[in-house]
Amino acid sequence: MQIPPSIVDGITTGAIYALMALGYTLVYGVLRLINFAHSEVFMVGTFASLFTLHALGITKTPTGLAIVGVFILITVAAVAGSSIMAVLVERIAYRPLRKRNSSSLANLISAIGVSFFLQEVYALRYGRDLIPFPRILNKTVLFHIGLAEVRLDKVVVVVVALVMMFFLDRFVNGTRLGRGIRAVAQDSSTAVLMGVNIDRIVTLTFLLGGAMAGVAAMLYGMFYEVTQYNIGFVIGIKGFTAAVLGGIGNIRGALLGGFVLGLVETFGGAIFHAQWVDVVSFSVLVLVLLFRPTGILGESLQRAKA
Amino acid sequence: MSRVDLPKGETLLALNSVLVRFGGVVAVNQVSFEAKVGEILAVIGPNGAGKTTVFNTVTGVYTPTEGDISFGGRPLAGLKPHQITRLGLARTFQNIRLFPNMTVLENAMIGGDAASKSTVFGAMFKTPRQRREEAASRTSALEALEFVGLNAPLGREAAGLSYGDQRRLEIARALATKPQLILLDEPAAGMNPAEKVDLQKLIQKIRNSGVTVILIEHDMGLVMKISDRIVVLDFGKKIADGLPEEIRESPAVIEAYLGAEDAAS
Amino acid sequence: MSMSTSRISHSYRSAKVPIQKANDTMRQRWRGLPFPVRVLGYIVLIGVAMLLPAQSIGNIMAPQSDWPTILFYPIGSYILLALGLNVVVGLAGMLDLGYVAFFAIGGYTMAVLGVNYNWTFWEILPVGIAVAALSGVILGAPTLRLRGDYLAIVTLGFGEIIQRVVNNLSVTGGPTGISGIPHPPSVGSLSFLTYGVLDPRPYYYLEVVMIAIVIFFSIRLENSRVGRGWVALREDEDAAEIMGVPTFTFKIWAFAIGASVGGLSGVVYASKVIAITPENYPLLLSVLILVCVVLGGSGNRAGVILGAFLVAWLPERFRGLANYRILFFGAMLVIMMIFRPGGLLPARRRASEFAHGIGGGQPLGGEIQSGQFEEDEEGEK
Amino acid sequence: MQLLEIKDLEVFYGKIQALRGISVYVNSGEIVSLIGANGAGKTTTLKTISGLRKVHSGSITFKGEDITNMVGHKRVQLGLCQAPEGRGIFPGMTVVENLEMGAYTRKKSDADKVKEDFERVFSLFPRLNERRKQVAGTMSGGEQQMLAIGRALMASPELLLLDEPSMGLAPMLVSQIFDIIQEINRQGTTVLVVEQNATKALSISNRAYVLETGTVTRSADARELLEDDSIRKAYLGE
Amino acid sequence: MFKGKSRKVALPSFIAVSGLIAAACGSSTTSSSSGSATTAAPASLSIGFFGALTGPNAQLGINIDDGVKLAVSQYNQNAKVKVTLVNLDSQGDPAQAPQLAQKAISDKLVGLVGPAFSGESLVADPILEQGQIVNVTPSATNPALATKGWKYWHRIVGNDNAQGPAAAQFIVKKLGSTKVAVIDDASAYGKGIADIVRSTLPTLSATVATSQSIDPTAPDYSSTVNAIMASGATSVFYGGYYDAAGRLLKQLRDAGFTGQFVSDDGSLDPKLISTAGTSAVSNTYATCACGDVSTTAPGKAFTSAYQSMFSTAPGTYSAEGYDAANVILTAIKAGNTTSTAINSYLGSHSFNGITKTIQFSSTGDIKGGGIYVYQAQASSSTFSSLGLVSSLVG
């Protein structure tokens, strides 16, 4: 058994899943809509940080202060890329439908259309092969826990993710705009009565979800050092699963769901072998939903159910 | 599931210390009352007193946290709403809940279908039973529509009906299930005085046809005119239960609902 | 159970889409025709279906592909699958993102029983349908109580699990799949009933018959208590339950029927292609079939058939676009949903439901309309 | 001066006409009540004023400005705020957060005034002051109603719209709420109130409108209506 | 199956483009135009390429197709019977294979290079067989394909049954590793080879330290990496393609794995090195049924012709695609203008390809077909040949 390595790796991948799950959860919380194009929002983020590295001419691992500078630049690029893409997706694929009172199915198909389109744009432009990232952070082993190596890059992934989640949580729970998001999520018509501009809140929600996906994309690029036109697909499904697992619409649920899914996957892989990982994690999801139909933490951002 | 058939005056529906709790909130608190075969029983009380929750609990939408409900002597615990309907207990909704894009006839037939047993195979192979049941369902739907006096075309979508006609259709849909007991949730809401008079006649006609009626209503004029008995709820508790004259005089009811000023005059 | 929204008070535009009206009157006229005329109409349709694989038609329809073959797959198979999924999505209003699982189950039933146990096609067909229906029930029973959004991820997961399982099990041949799947036995010496390797037309005819049967039964279902029940639970599940519709049972039935049509098409497909592998059953196929249903007009059989035809045929017709096919497809989906959210031929009922914003049956999104909200004139919740 | 004027307002829900040409006006400083049975169109009227419902025909003028087609959130900025039916508090937020939501549209430069309004709400509703940190969803119905009214006041509205403020409240609380409404009015806020408890509503109002199936059937001085036999019969349960 | 006397025939590629090729190949020919009916030779014939040209798996197909294009253009420079090339783009999707096979029949193709993948082969080949379309696959290496009794099917690369044992021998005998973690990508191809490696290792007194299938589309292989690290394996064999191989290798090295990493021809691509990173590819090998074309004279000529035509270096299976096309073109040049005639010709002749000498057995598989091993070079970011496995483990 590889308990310590499974824990370390589960938390690391879980951190990225959690960041993705936040995007689904925020949008769901406010619009009751599953943003199936979120995977492509993530994908765009990875490309944005890669292009920044190319533009900076970075081919070798930077050292010293340069690391910090590079990190800030690629984070900004990824966050900008992803959040702009998220807002564009909302404007193009969702808002016109929302204005026309369309059904959820129409939204779903529209999202699928946007996903196809964006994937193909990137595939046609940059090919269908994996595109490598230069190494920007040495994978130095900091210390060992049993067989587990706690590496610098893993620590960075988890710490950055946690910091982002903390800020998001503070933003949503502690600022005026954050209150606006929660108000729309809990009772949108009353929010209008309080003077909340719903369209603006929706845009803000996609922006925030996109920003989280952007951070996830930057961390992914730094950690796995590759991207691809369809890189978002798997990570998107994982993020969505994590969001549902934790209780979609619930920010803290998304965090919990991400980490739980990460751990279920690494332990599932250790116990049942890698080929059964997805079967294990979906089974866990179904089991959780059977006993807690709205996920582990429930839908707390949601309007109260009668 | 056998339907209930009892002589007039027997207890048809009995609530025994029913308590319904949502999270920390007690919506219905130890409520007991009975409805007897052939009567019109009104349930009144301020908005939020738990009247609709009582209806929802009786029809199986909510499960009572404590207490029990029986219908014709048969306990309803563990039955799903559709099973309870099939026992002979139908209802309408406070805010009309027709199937808006189904036609008038289709809406009523949904009620008529409550007596049907055939499902998918019956439909696929048009078994004799399915044909028989389909015809029966259609008949009871048409009868119910005629009974309530709805004159709209059968092929008209429910959403296109006038408000009063929607109310009628909703009642027809419930009657098409051939109920022993019908629960009417604020049937007069949104009606003008002329429509209310028609409604009053309709409710009495329903009762006269042998169907017991339980009614939630705010229009006290209507309630006082047609009810045989009145149950008053306030804050989830039953505060009074009696004949209309008794209720009108009851200090507790005046305090909680009718308003102190009214009583003074 | 949520008892809060008054469905009838949803606002919607009273002006209906013009093509919708045309669609409606056509249907009414058709129904108004005397029985012999309608029979004649059906005979004409069957004749058209028989003549469809002709080379001269193929030259126009699919100059860069083999027309009879693509008539069988993807066109015919997509139509069959879309008709099945339509029962779940269009009629009962539930979202199923893992429909391909049932197609796979039918296919593997055909392959395993045909190759390992030497069963014949006609023996396997009912088994394949039954196994698929049963797995529909097994998937549905625990999960149908979940709300719509959750059903999406669970069905999606189910589709993935089935693919993983067939990829990992030895009885299904693992990733290599199963080859040497037997063809249906030929009937007499008629060329169009001789099931061999080379001629796709007998399979196409077989599929046409299956499509006709599925349409026949789905019309009967739709015009019965079950169909009424589906519409009712799609429009207001709680009210339906309270009016005596056994909503859970009817949902399970919808799932089982959809699954069995999926299984049926899986058996038919596998009996033609000789070899199947897990690659034949990607998640993308589930998505495409859902696109067929919604694009054509969820709930309207003619629309669904049209949608399936277009989704299957257009990529073959425009093979020349090669790499740009998916790009255009994606863009077209968005544009279609913006301008025709109810699909190309929206169902009469669904058209109004979409206008009401309740077309999905269960909430999956798009619930907040700018400046317009439901819930009115109500007291207690 | 007419603060709010509604002319020939027609509103549809789909094919159903909910309002059939309603005309109502509210003068500055008044308390006006809309009474009528459930389903008569009272709540729809308020929702339409707040911009939650699309107007089919007719007009709404507020402070001389035509707001018929203005989006909802801008009407709040203009000085129109509603405490919705069923209270509509944000159940997951604390009392203070709910109140802050009321002040959502107010600018940073307005911070001092907002602080004053907090104090004003807390002095009107001492219960809220005691429960600042409590999550609103866990409060009792009466407290929630107070919160809903207090929250609407935080927008510093010129016209306060109250939808069934007495709904589901114990009689004691009902009187208390109506006293507070009067107090709010005394402090200078115009009030338009929709009520089922017609007696109470009429007793604090200057004027009232009686709604029936989407039309105004009576409009008169509140006192006059209180003494009207037919009104008493229809709405006061006698 | 026609079992005539085998003759050696040169591939016709030398004629125009490059004298070097002519010099290299021309000498060993005993060209023959006999053995087939030459009645009324048509002015032009069509051959096809069957494989993914678009979609996610397109790169391999494009590599092959470009090789075929080069062969056809060289052939047409100096040919009586012109040949046109028809592309049958399967997108690597087995579901599209039947209609393309039918298309090949209705278009009366006299020969087909492909199908490129094993999965589509299983579906398309029975149809091609019945339609009597001679087909030569340059890349579908699943052993089962040779067992179906198809007469029109040919393969010019060694199958996995040859590659798997060779890889195992290389690991145990040459690299000296006896604890081998065997991983695959759960694809027909990758798992096929890996399973053979798994069954061969014990016969060489080596053990399978851990055995796993990964999802090649998943980003994270940490549970597999952890299992490998915990198993104490000194080497890893990976059955699958270069993209997942590169990521697995990278994650292994990052976790501190220093042993040998051996993969198959699906991983024999410079992109493995770019994906894994140059620091990760020490002790990294790939086996392949394909010979090294970068050292021989015809190979160099091919490489430069390819480079000048497509402005890119040949990719994996480009050379095999070129050879497969030339096998067919040689038969056409010999005066065979029908598919059946070409088929007979293929069964009775041997061909000097740039990758190897090609001679088909009665099953259609290539005779002989040694397995080569390549080592990843960090300095040049390419693979360089170490030679035949059989000679290395000798």
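Chains: A, B, C, D and E, in written order; residue numbering restarts at 1 for each.
Here, a contact is a pair of C-beta atoms (placed from the backbone, for glycine too) under 8 Å apart; a residue touches a chain by one contact, two chains touch by 3 or more.
These numbers were taken from a predicted model, which means no experiment stands behind them.
J.: Please identify each chain that touches subunit A as well as subunit B.
T.: The shared contacts of subunit A and subunit B, listed by label, come to C, D.
J.: Can you list every chain that touches subunit C and also touches subunit E?
T.: Output, common partners of subunit C and subunit E: A.
J.: Determine the shortest chain-contact distance, in steps, between subunit D and subunit E.
T.: 2
J.: For this structure, I'd like the pair of chains sharing the most C-beta contacts.
T.: Looking across every pairing, the one with the most contacts is A-C.
J.: Where the CA atoms of subunit B average out and where those of subunit E average out, how many Å apart are those spots?
T.: 76
J.: Can you check how far apart subunit C and subunit D are, centre to centre, with Cα atoms defining each centre and the answer in Å?
T.: 50
J.: What's the distance between the Cα centroids of subunit A and subunit C, rounded to whole Å?
T.: Distance between chain centres, rounded to whole Å: 32 Å.
J.: So, what's the distance in Å between the C-alpha centres of subunit D and subunit A?
T.: About 42 Å separates the centre of subunit A from that of subunit D.
J.: Of all the residues in subunit D, which ones touch at least 2 other chains?
T.: Within subunit D, the residues that touch at least two other chains are 14-16, 38-39, 51-52, 71-72, 167-168.
J.: Do you know which subunit A residues sit against two or more other chains?
T.: Touching at least two other chains: 189, 192, 198, 275, 278.
J.: What are the residue numbers in subunit C that touch two or more other chains?
T.: In subunit C, residues 3, 8-12, 167-168, 323, 353, 356, 370-373, 376-381 touch at least two other chains, as defined above.
J.: Which bits of subunit A are touching subunit C when the two form their complex?
T.: Answer in residue numbers: 28, 30-34, 92-94, 96-110, 112-121, 123-124, 184, 188-189, 192, 198-199, 202, 237, 240-241, 244, 248, 275-276, 278-279, 282-283, 285-286, 289-290, 293-294, 305-306.
J.: Going by the contact rule at the top, pick out the subunit E residues touching subunit C in the complex.
T.: 53-54, 89, 93-95, 97-100, 102-103, 105-106, 118-119, 122-123, 126-127, 129-131, 142, 144, 148, 186-192, 213
J.: Can you tell me which positions in subunit B touch subunit D when the two form their complex?
T.: Going through subunit B, the ones touching subunit D are 24, 46-49, 94, 100, 159-160, 162-163, 166, 186, 188-193, 195, 218-221, 224, 234-235, 255-256, 258-262.
J.: Could you please specify the touching residues of subunit E with respect to subunit A in the complex?
T.: It is residues 55-56, 58-59, 186, 211-215, 217-224, 226-227, 229-230, 243, 246-247, 250-251, 254-256, 271, 274-275, 277, 279 of subunit E that touch subunit A.
J.: Where on subunit C does subunit B make contact in their complex?
T.: 1, 3, 6-10, 217, 220-221, 223-229, 231-232, 235-236, 238-250, 253, 257, 349-350, 352-353, 356, 376-380
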